[in-house]
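What follows is a pair of complexes built around chain A, which joins chain B in one and chain C in the other.
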Partner chain A sequence: MGTSFFTPLSWSDSGFILTGVLNTVTISLVAILVGTLLGLAVGFFRAEANKFTNTLLGAVLDILRSVPLIIQLILFSTYIGAVGHPLDPFVTGSIVLSLYTMAFMSEVFRGGFESVHQSMVTAARSLGMSYWQTVAHIRLPIGLRAVFPSWLGVALSVIKDSALVSVIGYMELLRTSEQLISRTQQPLEILIGVGLFYFIVSYPLSLYGKYVERKMAI
Partner chain B sequence: MIQIQNVHKSFGDLEVLKGIDLEVNRGEVVSVIGGSGSGKSTLLYCINAIEDIQQGRIIVDDIDVHAKGTNRDKLRQKLGMVFQQWNSFPHLTVLENASLAPRIVLKLSKKEAIEVAKKELNHVGLGDKLDEYPTRMSGGQQQRLAIARALAMRPDYMLFDEVTSALDPELVGEVLDTLRMLRDDGMTMICVTHEIAFAREVSDKVAFFHQGIIEEIGPPEQVIVNPQREATQKFLSKVLH
Partner chain C sequence: MEYEFHWNIVFQKLPQLLNGAFVTLHVSVLSMLIGIAIAVLLAIAKMSDARIFSLPATVWVEIARNTPALFQIYMAYFGLGAFGIHLSPYAAVLSALVFVNAGYLTETFRGGFQSIPKTQYSASKSLGMSSTQLYRYIILPQMFRRIYHPMTNQFVWSILMSSLGILVGMNELSGETQRLQSLSFRTLEFFIVAAVMYFLITKFVLFSAALISQKVFKGEL
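Take a look at the complex of A and B:
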């Protein structure tokens, strides 16, 4: 009886694949949520801040946006390992991916806040609304609506970019499938499946984004 | 009563108001006319504390508008203001536009705020548009919404800043009708306007602004029909012919 080193893909692998799917979804949601909240705060701050602060903050954000995510992941993970505080790949990945997302989200939200015309704000203030009431009831809702399609675009790319977190050892979908490939030697089936997953998640959302954009343009 | 005493206002090096004195009593309608850049709109912004002043005082019912301790949000509750651009809140329905400030500023219950808003919207003839979004309405309707939105705060005074200037000519009438109605209700109003015939018809006092000062002030029969000052005569002959 000859034993094979490789075993083909079977239904018993579905639990393993599902773990990968769930991990991809989890880290994406964490990054989108944290990145959105931080991006909202930073974007608002930038819309309000003076030129000097803005230039300084803009430079930091430019670095986050310009250095490839994969390098940021490896750099950060190597650095915290080197200084003797290695973190779980999920935590490392979440931190880096969230900050990366924040850098893009902050620009989106800044644009949203700035799209609300000063005269609209003056009208609200003239009704006796305080600064923060105006932010909460006028600037935030109007600004958020305006940038929803862009927000969705960033969120979608985060889901796709989350595959890069595999390089620091996080068991998301891509890394899961790589392990399956090395066991089964069925790269084509597995990678097509993985690609399909990303497509099925992303495509309807991007269609929805386009729909909203069209609706708002009317 | 609104008392404006020796008010000076500059934007950088440009002095826009060069010592304005004006009194507006309760129930009075005062129209402010004059060329572009004469400072008329700026005065309204100063009364509402949207703009600071460099010198002088503005007193609204014993409140010194620009004094350090003055709560400007509170002050603005007394002063309804409507702008050239109607600035409807596009994410809210007509009813929500008018009930938002009563709810969050005056802290009325949702039910009370809606009642107040409905009453004012009916008053300006938008009672059948409550659930409409303002972006689907004409400029005239949106301007009437802006008036109702300000009235829903139960202000003691209304400030109108060229409220018909951005409207298509055929929509001017409906907004002016709304202002006439307010006058008949006894509302105290300051109207910065280019509608000279309207100013003549509704005003108790007309102030002609020229280069940052009040060149001439008095009843419309004097300032508009029989102006004493040369600058007033020149301005009126330009806009009336």
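Take a look at the complex of A and C:
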């Protein structure tokens, strides 16, 4: 053993950081994928449902959007622990983050579906399309295209919010860096590296989103 | 297995929780006020033709928008130590929230300013308005209308994100809940009450914002 408890950053730490990077990427992709699919279903349902169901469902989704994500993570992981079914932090984090994503995605998709003019749907029906044909060939393609920039915005915020899953013990990037900081006592170098990673992922995508938005505006 | 809830201990600690909620409101209101002031300056700088003004503003905005809030808080709390700056948990969370709020609001303000057609400037001049009158009666009222909703959302975001104070030991609602539950181990009960409090705070803010907008804008939003 060395003379000091603190050892400086070395190349052998890169594997540890890489695990954190991969875990951040994995849980973000899972949450974006599951959240998008669930959000699509819920958003479509809300665009179709009657006012009563809509208000009820809206209230539930509203809770997911009005309680801090970190509290949701703590509550869910404590709850499943207390009832005797503790889950892996990755599974717990994925469930909570996916549901949180779904709450935002459903609003995005609902807006998309409602932006498709009723006259277009009526026209498609009068051409002999079935209900599901109008969904598959008219409402989905047109509605989804309109909300692509907003979808990207939510996806980007999910990548950033995935950092909070560290609170329930998932070894994502920020948590691995925190552990490295407590060993090396070199917070600035490590944090700048972490910040750069998020920036390099997020910035080009946000530029692309702005580009698409500008193209669609005309 | 069933979980048995015990609420008594939580209600005994309600004053402390309310105190935490007050700190939450305190830090988010302050982060908005300072954030707005900086955002006005950044928006002006970003619209400038001189790159020495616009470039730093752009860098600020893009870093704030493209990195996690938790990263900003760690940066303020641990990272600044490398420069000999040691912030308290409150100051670290406040400065991180100010940094992000200023970044997002800059784009909001710039968008609000640029959304007003340039023809209105010449029109008001041809009507003989002074530039004070132009801004007081034409530009600012319209701008305020357009930035009002994004600003409300940013405020709600600040309230929710101040909960990250729990990770640096701050005494806002989440941190206080964490501290209190560790004394009794009624984790679920304490965090359920905290969740309800956050929900009520955000609803109250959104409701008041809607009320104010009805009074001020008289429905012409």
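Note that in this section the second predicted complex is superposed on the first by the 216 of 218 C-alpha atoms of A that agree within 3 Å, B and C clash if a C-alpha of one lies under 4 Å from a C-alpha of the other, contacts with A are read in each partner's own complex, and residues count from 1 in each chain.
Just so it is clear, a residue touches a chain if its C-beta (ideal position, glycine included) is under 8 Å from a C-beta of that chain, and two chains touch if they have at least 3 such contacts.
It should be emphasised that the depicted structure is a prediction, and the values quoted were computed from it without experimental measurement.
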Overlay on chain A: chain C relative to chain B, clash or fit: fit
First, second, both or neither for A:Leu174, with chain B first and chain C second: second
Partner chain in contact with A:Val96 - chain B first, chain C second, else both or neither: neither
Superposed arrangement, angle subtended at the Cα centre of chain A by chain B and chain C, nearest 10 degrees: 100
Chain B versus chain C as contact partner of A:Pro187, first or second or both or neither: second
Chain C versus chain B, contacts on chain A by residue: C
Which superposed partner A:Ala31 touches (first chain B, second chain C, both, neither): neither
Chain B versus chain C as contact partner of A:Val42, first or second or both or neither: neither
First, second, both or neither for A:Ser126, with chain B first and chain C second: first
Where chain B and chain C come nearest after superposition, their Cα distance in Å: 25
Contacting residues of chain A [partner chain B, same complex]: 117, 119-120, 122-130, 133, 137-138, 141-142, 145
Chain A residues touching chain C - in the complex, by the definition given at the top: 63, 66-72, 74-75, 78-79, 82-84, 156, 160-161, 163-164, 166-167, 174, 178, 181, 186-188, 191-192, 194-195, 198-199, 202-203, 206
Chain A-facing residues of chain C, complex: 1-3, 62-63, 65-71, 74-75, 78-79, 81-83, 156, 160-161, 163-164, 166-167, 174, 187-188, 191-192, 194-195, 198-199, 202-203
Chain B residues touching chain A - in the complex, by the definition given at the top: 48, 50, 73-74, 76-77, 79-81, 83, 85, 87, 89-91, 100-101, 104-106, 146, 149-150, 153
